[in-house]
Each structure stands twice: as structure tokens, then as C-alpha cells.
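The structures come next, written out as C-alpha cells.
Look for chain A in each of the two complexes below; its partner is chain B in the first and chain C in the second.
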Partner chain A sequence: MRTKRVVFRSLWLPYLLIAPQIAITAIFFLWPAGQAIYQSFLRQDAFGLRTEFVGLENFARLVNDPLYLKSFTTTLVFSALVAGISMGVALLLAVMADRVLRSALFYRTLLIWPYAVAPAVAGVLWFFLFNPTIGIAAYFLARLGYEWNHYASGTDAMALIVIAAAWRQVSYNFLFFLAGLQAIPGSLTEAAAMDAAGPFKRFWTIQLPLLSPTVFFLLVVNLVYAFFDTFGIVHATTRGGPGNDTAILVFEVWRDAFEGLDLGFSAAQSVVLMAIVIALTAIQFRYIERRVEY
Partner chain B sequence: MTAITLRNVSKTYPGGVEAIKGVSLDIGDGEFLVLVGPSGCGKSTLLRMIAGLETITAGEISIGERVVNNLEPAERDIAMVFQNYALYPHMSVRQNLEYGLKNRRMARDEIARRVEKAAGILGIAELLARKPRQLSGGQRQRVAMGRAIVREPAAFLFDEPLSNLDAKLRVQMRAEIRHLQRSLGTTSVYVTHDQLEAMTLADRIVVLNGGVVEQVGTPMEVYERPASLFVASFIGSPAMNLVPLQQARERAAIAGLVNGSVPSGLSTDAVLGVRPEDMTVGENGAGADAVRFAFTVTAVEAVGAESYVHGNLQGGAGDIAVRMPGYHRLEPGTVLSAVTAPEKLHFFAGASGQRVDRAGAAQ
Partner chain C sequence: MVENRPLTNIVTHGVLILGAAVFVLPIWIAFVASTHTGREVNRGLTLWPGDQFIANYTTALTEGVATAGAPPLALMLFNSTVMALAIAVGKITISLLSAFAIVYFRFPFRVLAFWTIFVTLMLPVEVRILPTFEVVAGLGLLNSYAGLSIPLIASATATFLFRQFFMTVPDELTEAARIDGAGPLRFFRDILVPLSRTNLAALFVILFIYGWNQYLWPLLVTTDESYYTIVMGIQRMLATSDQLPEWHLIMATAILAMIPPVLVIVLMQRLFVRGLVEVEK
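Let's turn to the complex of A and B:
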């Protein structure tokens, strides 16, 4: 599609029109990012009285810090689980909703709701559901013979934040999967049905391959979400614990800066995260444009 | 031997809309049957019911010896060519052709043999490695047919397969489909809204209107003896002239309508029909019993080899079109007379629209 080109006669009007967006980007993104990079080369004492330039020392500490490396692994596990579960559940729901033509709008509305819930609220919601003493989910698990306790068990704690994070993201993924499925012409599945492909075969050999651009797009979006957008969930529920079992990278950034008061170290971590998000976005732009499927 | 039989087949949608109202058809082995009608007449629905893509509300469909009402599309031993071809976009042409055979767990060498054979017949052998998006419209159409052929099914179903092609390619593909069906001898049901396609392809035509069969017959039967006003107006291009008989008589627009040339006992709202190509301007070759139409020219359409003269019948009794060979320049307002032989006239009862034959006319 060709976009319409508008030619402004005035020289300053176009700049004036994009100025608000530039200002917001500059104040909330560029300036903090610049600050993070600047800070990552400095070391400050806990009272903020002395600051010295230390070069790449903060980064060197990162690479050698077993806690940070553990946090990296935790984040990878967490992100893979969140992306996998939220996309899997969303795809299942989308396939089912795609078959229901009537009252599809009703299902869609219900399924989209969780996305409107703020991460911290989603976290607290599941936190209560799984509370070992009063949570109904924990109660049912106990009836099934599983003693749920996310205060004591690192696995339970991880499961809790994964569920909370994935639950919220299912809505978003569902929307994209449903739109993707509905964009596949009905005659394709009909032709496959006449070609003796059952519902499962049709899904695996026709629908899923045609959905692959959507899958790829969502994979990147979900990874970005799990990496960066889940701070609220962790902060509101496990606070990185027990031990450091749920301390994902964004949480470490916050904790080292605001609890550890080690600004330089925290800034170095931010810079690493920044590099990751830039890399993911670059991949996204590069491959989304040239359509993965066919 | 694969005959397809429809017995009182009906389709009612959940909303209460009756798409098909009790259709019965006998499609012979190896026959090329064309379902034709305007959009919304139910022709595609009927085809999809035969295919198993739509449920059957009432009645019975059999393919060969089997009643297929409750069989899945894949179990009916039929292949379908879709309007948009429905090629699998992520598969190569070869994979498209193989897909249905692989799903049926056919032996690999047999699959290869059938694909090569179909590709040879359709002239797409050099395209086998390509993806559908790398093909032209005509090539996609061939691949879609190839996917049907490799199955070697008991019957082919075509759902307006040529409507996405440009006019020239459509004529070419029409001839190819015709030739292919003849040489394979596979029973075929073909849906189209194009009466020209129906006339040129069909062994027999089924004219559908509003979910009801208006007429079944060979193309010439349908053309020469349309069973109803609807068929008369639908088959033939330009359409048959239809004139309210009473009005034409009162205003003396038609001369020569003697008792012998008009069926007896026609109601007052009867309609007279005559094809533009059955009329001649002037007196050339007019027999003693010729019927004459007096009209005023309103426009002339020249299409090259022939011209169509449009006009108003005398006294405003109706519109009329007459074919004239060659090119003619006629000023609007010119008063002309066109003649036809009485046996070229068609009569329809006004209320029911049914054909009424003259006594003693060949049945």
C-alpha cells in the first residue's frame, strides 16, 4: 500500500506537530536510557556523596556475579514458560473460538478482559488465589495432595508468577491468533477436508503453517513482555524469593538500585536489558517484514 | 459406474432460510452436468451438499451405489475445484497435488506416477517445484484441476472455477475443461452463473432459481424450448424478447398472430417470447404465415459481425431487440418491421410463468 504524502508549505509546522511525541520519547526514553549508560560507567557510594568513573568495571562485576548469572537463567526459564504457556493456551482458545461463529463476540470480550488488568493487580489476584492459608487454588491443590507454598518452594513461586504473567498475556495472543485464523480462507480447510485430512492434520499441516508469521510475531512480543513487563507481578508477589528463585532481571535492576543502592551496578544491568530489547526488536523488524511463512 | 442421484434434497439454514427446496436429479455416469442460475439461486449450496461441505436437511444424495448423506467429504470419493482454487499457499505445486494422496496413505511410487501423469495432461510439469504465488491465474487453475485429477475420483465438482480468470483465458480454459472431462470420462457437476459457460460445457443443464429446478435438459433443449419465463430470460444472450400478449394485440404491435400460431386457451396475462436472433428486419424470407413486429428504433448496438437493434413496439407495447447481420446505421425514431416464423414464438402463462405449447407442436 502506498501512503499518502502530504507536503507542508510551512517549514516549522511539521516539526511542531511531531514535537509532543519527540518530547515524550526524549524525556521518558532517551534521557533515562542515556542516564543508564552514563551511570553504568560510574560508581557511587551508598549515600550519593562520592562518584567516581570506573570504566567497564560494573560490567565486569556483572559477568562474574553468580547471582546475576542465576537471574539470567531464571529469566530465560520464566520467559520461555510464559511465552510457551500463554501462546499455547491462546492458540487453543482461538482455534475453539474460530469454530464458534455465533456469540463469538461474547467469548472474545470475555477472553480479552484479562489484558486490561495491570500486571501488579494480576499478580496480587493470583497471589491470593494461591495463598497457602486462604487461597482457593492452594486449597484445591491440597485436596489433590499437593502442598502448595510459594513462600517456601522456589518451584511454586516460579509457577505462581508464570501463571499470573501468562494469564494476562493469553488475551493479547488470543486476539492475534483468532484474527490470523479468520484470515485463512475457509475454502483451504474445506479443500483439506476433501483431501482426507482430519481436524488435527488440518491444523498441523494447513492452519499452523499459515499462522507462522503470527506465531513468530507473538513469540517476540511475549518474550519482550516476559523480560520487561512483568516487574509488577514479581514485585507484588514473590519479591524475587524465596531465596533468589524468582529474581528476574528487571527485578534485579530495581532491587540493586533501590534496595542495594548500587546505582552503577544497576545501570549496567539496565544497559544489558536495553541491548536485549534492541536485539529482539531488530529481529522482529527484519523478519516480520519479509513474512516467514510463504 | 458413478451416477449421482438426488432425491428431494432440501436445505434449510438455522435462521429458517430455505436455500434448496426439494431438488431431484439423476446425473448419469460420465455426464457433464452444469448447474446454472443467478447468484443466490442455491446452485453452490447444492454442489456443496453433494461435496459434503453442507449438511442435508431432508432428502437423499447417493454417489454410485452409496447414500452419502452422513459421510464425510473425504469419504465420498469426489474431488472439488474451488472458485479461488484453494491451493495450499505454503506448499509447492507438487506438494499440493500429493497432499490428498499422502493423507490416504497411498504408496509413494503410485503418488509419483499419478502426479507425473496429471502434470503431463495439464502441462504443468515444469511448475511442480513452484509455490502457488509464483503462478499466473491460469496456471493456478490448472494446478487446482490437477489436485482433483490425481485423486482419480468418482466425480468432479466444479464451483465457478473460471470466474477469477480474464475473458480470453476463460474461453481457453473452458475448452480445456471440456476436453479433459471428455477424455477422462469422469462424472462432473459444474456450477456457474454464466449461461454461455453452461451452454458450451454441459451435456445437460440444470437451471436453478430460488432453490427450485426450473428446467433440466440438453443445452439445445433449454435454448429452444425454455420451460418457463425465468429460463427464457436467463438462457440466451441477448435475452429473449418478452412481450405481454394482450397489450401487443390491443395496440396492433404484432401482426399475423392467427389462431394456428397461438396456443388456445391462453390467459389474458400470457407473455409472448421471441429471440432476437430468430427475427429478421424487413421482408426477406418471410413466409405466408410470418408474424410481424412493428417497432421504432431507439438504439443500435454494433458488435462487429452483427448488430442488435433495440426499439419500442408500436403503441408502447414493450421493448424489443432484433439481431441484424453486419453493421447498420439506423437513426433513432426509424420505424421498422421485423418478421419471424410462428414456430419461433414461445408462450408462457403469466401467473405461473410456465411454458404453453401450441396444439400439435412437437413435444
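Let's turn to the complex of A and C:
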């Protein structure tokens, strides 16, 4: 790892400078992560009086627990929908904004602010809009002949959290797509236009291929977002229901720890989630060119 | 624009305006609902603001939604501000210091320290919910501002950002400072920090929003209502079991909860975009 050619000399100062960050990392990140791994091999009785080492039993329970497996599928469906919808809409809007260069900044202002809205607040907004008795969206759906009810229908509840999660994430994707599009040299598109390639053809043969690194990068970021940052949406609105139709993995970890008080089981789920984050981060670093070098 | 096609231009602007409208719709409806009485909202379908703006927001700010056991919004807004500022300032401070140590010194365990910081990228709160809660509880930090902010202020991304930036600062500056007799701390304070000003500001915008929008963490570490943050407190108002939620006040809360971060993004758009791109690249 590189340093400067010119460095300062001191025996104690660098340690002092780095100490706060290392201390916080050790106390609030490494130790709890270690605890999660350790606890995942233990079982505690309901009163927390006795703990015994059970090896991989918690993991075996996970693999055989239909609720947990369902939560896995739910999370995958949810993440795929959130990533797909928010990236699709963002790409469409970014391509449009890129066409009207002079107003691009104006539209950017109109489109980026939802990123500032917390996931939980976004959830509450859409929850109200789709409220079966007083929500406007539900009212119009009823006029179209669809009885929306996210309290009763798992599909409706899933649609609700997908919309809320995607709504907020479009801004983020839009920013990166727009930046990516604007980095494509104008001469390329102009040359294609002179060869009589229309906007559609230019999009498919020039812009999209050149955007593929951005697409891939955003895909990973969106999956991480859908997996981990959407707890607030689920917790504030559907609470995992109806049934367990919207109980995503992070929500299950929280519920098993704080409502089910099933510590070993929750810890085992934490370990699975850690593996997922590590895998996603590794993909991000391995395949996406980052300007950080180590 | 490559060629001039009037029809395509109209479609382009049309799609963009429609997109922007769909984005604003939930906010508009929320605002409308927050300006009517609860009874009017529960009758359903209002599209135009009513005359209860001042009454509703005054109630929300000073009394809160009493039936749901949520504290007045003024208090929750204050808590959110403290938490967001503490997280933003804390992260920036410790990251600046550690990046300085990593770039400008050679010392044993330097690479180990770097990797220790790197690992935090892979361990968001969401994957270590219960053990982190136990640590914070063990330290007696539940229901405190320290408990709300300190466990979140270690950040690998901010450290990397500053490290990258420091690598681009010319060595000649360091040499010149040394010839003039400046020690490392003097160099840090008088040269490095002023040079990092733009990065600092961009990062501050991102981290303020990150801190403001925290949900899971405040939910875990606060049981005392007087430490609720607004983003987290809003769910308490929804969770009324025996009566209709007071939608007009909940929507007022939602609006108040999003105003500070939205204002930050819109007013500091350039810094925000810069920060976002710098952090993620």
C-alpha cells in the first residue's frame, strides 16, 4: 500500500490519530460481528438462564424452516423488483434528460430530492396513498375495478413496499445514469446520427453498451439497498404481513431477536446476512473498477 | 441534442414532466391531508389543501400525537438534528484523522489498521442487530445521544475518500511546510484541512442525510420517548390498535421529517451530487 514520498516521523502520533476510528470499529463492529458468529452456535432457553453449545443446529433449523426459506424468496423477489423497476424508470428518465441538454439540470433538480426522503417516511406516504378506505390510489384502482387491500392481500402488500422502495431509489439511479450518459463523447452519437441511426438505434447500439459498467455498478448498489436499507419501509407499514408475505430477511432477524427472543436463531440469520454483504461487496470490488487502490 | 425532431422533443419533455409529477404526487397528497381536520381526511379523497394548516402543525409540533404515545415533534426534530449532526461531524473528524495517519506516516500495523477500517464496509448495523445492541446496552448508552450516534460514526468510505484526496496533494507542499518548520499537526491543520474543504462539505451533505434517515438504530437504542427521532417516531403514530390513525397529524409529521434533508439536497445540489459520486466510486 502506497504512502507519500515525504512522510512525517513520529513514534506515537499516528497511533493517536488512528485510535478513535479503530476503537469504534473494534467495539461496535468487530466485537458484535464476532458475537453474532459465536452466538449462532449457541442455544439459550427462553429465560436466558442456560446456554448450551449446539454446533450447527441453528443453521440446520434455518435450512429447514419453511418461514425462513419463504423470507428468502420474498427478499429475492422484492430486491429484483426494486432494482429492476427503479433502474428501468431511472434509465428512461436519464435518457430523456440527456436529450434535452439545456434543461437537464432543471429536471435533475426536480428528480433528485426523493433520495432525501427516509425509506420509512416513503413507506408511510405510499401506505397512506394506497389506504384501502381513504387512499387516493386505492380509490382510483377501485374505479378501475381492482379492490386494493394491502392488509389482506400479500401481493398488494408486496407491491406497496416495492413501489415505496423504488420511488426513493430512482433519484439515485437517475443521477448515475445521467452522469454516465453525459460522459459518452458527443462525436459518437453524432457520427451515428449522420449514418442515419435514429434515437432508438443509437440507444441500443451506442449508449446502452457504453453504460454497462454503470448498469452493473447500480445493480449491486440497488441489491444492497433492497436487502438492507428497506427495513424501515417494512417495519413502519406492513410489519411483515399479511401472513409473512412481506417479511424480508432483515425484518426476520429483528423480529426473531426482539420479539421472538430466539437469540441463537437470530444470530445464525445475522451470519447468513453477513455472508451476503461480504459476497456483494466482493463482487463490487472485484468486477467494478474503483478508483481506490490498495 | 444530435438532431432536431420537434415531435421527439415534445415526447421527451412530456415523459420528464410526467416523471416529475409522479414523484411529487405522494408529497402533494400528504401535504393536502396535513391541512385538513382528521375527520375530513378520514372521509377520504381530498385533492386541495384545507384551512387547518396552522392548527395541525401547531398541534403536531407542540403536543404530538398523544393517543399514540409519541412525543411532540419539536422534540423529535431536535433529536434528529443532534443525531444527524453528531454522525456527520463525528464521521468526518475520525476519518480525517485516520486517513492522515495512514497516508502521512509509516508505522507498524499500518496495513492492518487499514484493513480493520475496510471491514466496516461489510458489516452494516442490519447484519449485527442484536450483538451491537447488547454492546451499547452494556456500556449504558441506551437512551442517550451518545448511543444514538457513536456506534454509527466509523466509516470506511469517508476514510477512503480522504485517503484518495490526500494522495493527490503534492509532496512539495509537505516539503515546503517542513522546511518552514511545521510539524505534522500544524501541516494537518493549516494546509491539509483547508485543502479538503470541498470534499468535507460534500461529505457533510451526504452524511447529514444518512444520519437523519436512520431508522433501525434509533428503534433499537431508544425506549425513552424523549430520545425518539422523527423518522423513527412516525411508526409509533401508525401503530394504534384500537382506533383510526390520525392521518392529518401523521402526514404533517411526514412532511416535517422530510423537509430538512430535502432542503439540504436541493440547496446544496452541486455538493450533494459531488459527494454521492465521490463516495461511491
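Simple rule for what comes next: the second predicted complex is superposed on the first by the 279 of 294 C-alpha atoms of A that agree within 3 Å, B and C clash if a C-alpha of one lies under 4 Å from a C-alpha of the other, contacts with A are read in each partner's own complex, and residues count from 1 in each chain.
Just so we're on the same page, a residue touches a chain if its C-beta (ideal position, glycine included) is under 8 Å from a C-beta of that chain, and two chains touch if they have at least 3 such contacts.
Predicted model, so just to flag it, every value in this text is computed and none were measured.
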Combined model on chain A: chain C and chain B, fit or clash:
fit
What is the contact status of A:Ala193 with respect to chain B (first) and chain C (second): first, second, both, or neither?
both
Quick one: classify A:Phe29 as touching chain B (first), chain C (second), both or neither.
second
On the A-aligned overlay, A:Trp204 touches which partner chain: chain B = first, chain C = second, or both, or neither?
neither
In the superposition, chain B vs chain C on chain A residues touched
C
Going by the contact rule set out at the top, does A:Pro185 touch chain B (first), chain C (second), both, or neither?
first
Return first, second, both or neither, reflecting whether A:Tyr151 touches chain B, chain C, both chains, or no partner chain.
neither
For A:Tyr172, select first, second, both or neither according to whether it touches chain B, chain C, the two together, or no partner.
second
Min C-alpha distance chain B to chain C after superposition on A, in Å, is 6
Chain A contact set shared between chain B and chain C covers 190, 193, 294
Quick check: in the complex, which residue numbers of chain A touch chain C?
1-11, 13-15, 17-18, 20-22, 24-36, 39, 89, 92-93, 96-97, 99-101, 103, 107-122, 124-129, 131, 133-134, 136, 139, 167, 170-172, 175-176, 179, 186, 189-190, 193, 199, 202, 217, 221, 228-229, 231-232, 235-237, 250, 253-254, 257-258, 263, 266-267, 270, 273-274, 277-278, 281, 290-292, 294
Write out the stretch or stretches of chain B touching chain A in their complex.
51-53, 72-74, 78-80, 82-84, 86, 88-90, 99-100, 103-104, 131, 133, 147
Which of the residues in chain C end up touching chain A in this complex?
1-3, 5, 8-9, 12-13, 15-16, 19-20, 23, 25-27, 29-30, 33, 41-45, 47, 93-95, 97-98, 100-107, 110-111, 113-114, 116-124, 126-136, 150-151, 153-154, 159-160, 163-164, 166-167, 171, 174-175, 178, 183-185, 187, 209, 212-213, 215-216, 219-220, 231-232, 234-235, 238, 247, 250-251, 254, 257-258, 261-262, 264-266, 269, 272-273, 276-277, 280-281
Chain B partner contacts - residues on chain A that touch it in the complex
185, 187-188, 190-197, 201, 205-206, 209-210, 293-294
